[in-house]
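These notes concern the structure reproduced below.
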Amino acid sequence: MTNTQVTLVQIDNYGPWTVTPEPRREVDLQTLQSRLYADLSQLIGNREGYTFFTRFDNMVTVTNGIDRDAHALIQESVANRYPVTVSLGVGVDPSPAVALGEATAAIQEGGSAQDASRQEILSGEFLSESDRTDDDVQIAHFDVNDATGKYTDQLNEFDTFIHIEQGYAALMRYMREQHDSLSFFVGGDNVIAVCPSLGEAEYQDAIEAVHERVEVELKVGVGRHRTAQGAGMAAKHALETCRDDGTDVEFA
Amino acid sequence: MTNTQVTLVQIDNYGPWTVTPEPRREVDLQTLQSRLYADLSQLIGNREGYTFFTRFDNMVTVTNGIDRDAHALIQESVANRYPVTVSLGVGVDPSPAVALGEATAAIQEGGSAQDASRQEILSGEFLSESDRTDDDVQIAHFDVNDATGKYTDQLNEFDTFIHIEQGYAALMRYMREQHDSLSFFVGGDNVIAVCPSLGEAEYQDAIEAVHERVEVELKVGVGRHRTAQGAGMAAKHALETCRDDGTDVEFA
Amino acid sequence: MTNTQVTLVQIDNYGPWTVTPEPRREVDLQTLQSRLYADLSQLIGNREGYTFFTRFDNMVTVTNGIDRDAHALIQESVANRYPVTVSLGVGVDPSPAVALGEATAAIQEGGSAQDASRQEILSGEFLSESDRTDDDVQIAHFDVNDATGKYTDQLNEFDTFIHIEQGYAALMRYMREQHDSLSFFVGGDNVIAVCPSLGEAEYQDAIEAVHERVEVELKVGVGRHRTAQGAGMAAKHALETCRDDGTDVEFA
Amino acid sequence: MTNTQVTLVQIDNYGPWTVTPEPRREVDLQTLQSRLYADLSQLIGNREGYTFFTRFDNMVTVTNGIDRDAHALIQESVANRYPVTVSLGVGVDPSPAVALGEATAAIQEGGSAQDASRQEILSGEFLSESDRTDDDVQIAHFDVNDATGKYTDQLNEFDTFIHIEQGYAALMRYMREQHDSLSFFVGGDNVIAVCPSLGEAEYQDAIEAVHERVEVELKVGVGRHRTAQGAGMAAKHALETCRDDGTDVEFA
């Protein structure tokens, strides 16, 4: 059984800030958002976690092995370097979707995302060190078969993007509804999914569902570890096996 | 009539690089990608252009007023600071989709995105200074009505994300197919579209189409200027008018 | 005759901020300072100017060709991305030291560097476009003869650093006192000086003075242009000529 | 007794790279250097270490508690994100100067700093976990008495900088020669010194020596811990005590 610790990072009162006293330049907002994402990737990645940009003002992270003190330090480090602060909600569950639900609730209970008086919440349940096992996190790394040959080198880049995007939209919805998994586009033709303990049949099934709905062909490598970093790297190696052997689903 | 100059930025041979000699750590790839995006946002934004992250390994930018020399300097600046290089293809057309088609072709003619010997292409057509007008770029800035109240403060963040994402997927496809426009998610509940010369009816129509298909309610501010920056800022102010007056479509 | 426009960038009320409510983590302060420096380097460098880190909370920049509006935009861009704001003072004079004096006074007149109510001053004199010439900026790029062979590859790195540092300390003082020039260490064994219209004799003289005082042997390339960027790049090429020909002073 | 683990970070073959095939734009070099410093600050700081920019192409870091694997990961992370690679030499000794000597030698033995074939050395002695104690690192944090009132708010910024710089030059030399300590300017009017086990008399003595030589008045807070981060934060709090009580030397 997996046991995923999920942390939701939410920028405090961000929407109002972006238009106060009048709309801020988009280039600065984009720079702020992408750098905050890069910094959180490093702050959490250096502690073996994974960060997904999601909507940028709300980022979903997998934080097995990262305790409350480390969360407080990450929160402080953001406040020391940015004009905005972040709230952190944490949840733990065999189902990543349930864990994120708890993490979200932990923040929502503190007030609205657009409540100016709600700042730097740090709340929720952490996975205790004694409850951790070597199988706590399962990560699946999907990519599109021959995306370069079929799309990037052939089509208008936006039409390539539409194919990739529709593939992602189908996959993220299917994996959420059928398999309690959280799937994130991570650039190029890559999607990383945080999953409960799924087997080969479920992944085969998801690949077929996406193919039927939007005609995009996927393959997937799956890894398992006590941290997101370990599971994710194992998944990448498994995906290389797919590439080498022409298979659709490989477990590390 | 609009006349949009679009530049496609493509990282050279990026896919193979990410797995050579073996898969690189995801946290480093994410950091590299998001910082390259932030840097291009600044390099292009300081020259009044707009940069969209798109797939991160391929980024679409609007570059009216940025000439060949400035493109060469941006290309050199990336090579001086990153372990990867970028190719730049440029196109100009009243239709942003056609302009991007030309920009993509300019790169594709130089070789595959995964051809190790193809490096730092700089090719395509630039809008000459004498042909520029004050109406060359039309930008539409969409957001979701009361996203915080209806989604962010109520749902599991992933379910909020699914709503936003499905709204975006429907909008980007509709605007591409019906109105030759390029629409990009830019974080939160915001989508920025680069458009030809569209009127209020077309935007009203797009908002209704998205509502019918995925039940997400949008509003939009529209701006026009000789640069992306000018058009985009006007669009933001128009969107504020929507917010203040409860309207769906406003032109600056 | 040169005519250098110098802008002093001063972080507002920074000292108190670093210890309020209690001392902030040094790693965050260092990250904030070095990134602000990198961002200003880019914001000013993309407009052909040069930025020197100086004391990090006070940075000296050469801004010929960068007008008041561009200064306001740079100031706004910092405020949009950092937890601190900056004041900008500007001065113009044939003597870089006098220009910096005016720039400093423009800020000092607005209040103390540690006055919490003094924020985002933008004040001083700008070089008007009609007064600009192709000779306005003179830059000298010094380095240490065979620093790698004599120091880096031989000594404890701190002892190498002491040699470089004492050479810099002697040079910056001599150039300030004798030649109204502002000299900045820029890493490695490199010093860049912003100078009035000096000739070969003055540079030969400075090199000898440093050699006598601290036994560090320098060479220098000198360039001249209407912008810092142009003069600095010419100086680098002249320094390459020194390297190739074994000479001490070269003008581009 | 202290037991400091020092790591020297040296960019491989950097000098030649900066001028190949011809001199690279200074703004890009400065951006590269300062961001590499910021990234190392975070990579090492997240593991409780301290990073000093020194000459930027050679950076001195205090790495107690950071083992060989973490060093390898930091080295890999730099290679994944920059156009340059770094070598790491490590040394351990009660005297920080001796430890840095060993760290430097570990790199020098692998070849010259300008040897194109020498890449990513990782060599030297690490402090084993079992040998670590709570007193291994001693950090002293100096600043200048009333620097804002006496200098920043009164003088031309370059003349302020000369005072601070001459104070630093005197202090770093004295502490190296008399007390085997490594002192680094960290911005503003602050100097951080990595020391062996010194007492109040030695610091009083250093403050007097600097005052005699260059008339700059310093005060200092001193901290001790098993990591640089812990010792440095304790030193900052001790320095606050100096500020509050008007004393010259305080131990945490």
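The letters A, B, C and D name the chains in turn, as written, and every chain counts its residues from 1.
The definition used in the following text is that a residue touches a chain if its C-beta (ideal position, glycine included) is under 8 Å from a C-beta of that chain, and two chains touch if they have at least 3 such contacts.
To keep track of the chains, here are their UniProt names: A, B, C, D = GTP cyclohydrolase III.
All figures in this text were calculated on a predicted structure; none of them were measured in a lab.
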Computed over C-alpha atoms, the centroid farthest from that of subunit B (GTP cyclohydrolase III) is that of chain D
When A-B and A-D are ranked by contacting C-beta pairs, first place goes to A-B
Residue numbers at the subunit A (GTP cyclohydrolase III)-subunit C (GTP cyclohydrolase III) contact, same meaning over half shared and different meaning under half, come out as same
The assertion on subunit B (GTP cyclohydrolase III)/subunit D (GTP cyclohydrolase III) checks that the Cα superposition rotation, as a multiple of 5 degrees, is 180
The distance between the C-alpha centres of subunit A (GTP cyclohydrolase III) and subunit C (GTP cyclohydrolase III), rounded to whole Å, is 43
Cα centroid separation, subunit A (GTP cyclohydrolase III) vs subunit B (GTP cyclohydrolase III), in Å, comes to 22
Taking each chain's mean CA coordinate, subunit A (GTP cyclohydrolase III) and subunit D (GTP cyclohydrolase III) are separated, in whole Å, by 36
Flagged in subunit D (GTP cyclohydrolase III) as touching 2+ other chains are 25, 28-29, 31, 35, 42, 46
Contact graph of the chains (line, ring, star, complete, other): complete
In their shared complex, subunit B (GTP cyclohydrolase III) is touched by residues of subunit A (GTP cyclohydrolase III) numbered 8, 10, 14-15, 18-19, 22-23, 25-31, 33-35, 37-38, 41-42, 44-46, 50-51, 53-58, 60, 97, 100-101, 103-104, 108, 112-114, 148-149, 152-162, 164-166, 169, 172-173, 176, 182, 186-189, 192, 229, 232-233, 236-237, 239-240
Within the complex, subunit B (GTP cyclohydrolase III) is touched by subunit D (GTP cyclohydrolase III) residues 24-25, 28-29, 31-32, 35, 76-77, 79-83
Seen from subunit D (GTP cyclohydrolase III), its contact residues with subunit A (GTP cyclohydrolase III) in the complex are 39, 42-43, 46-47
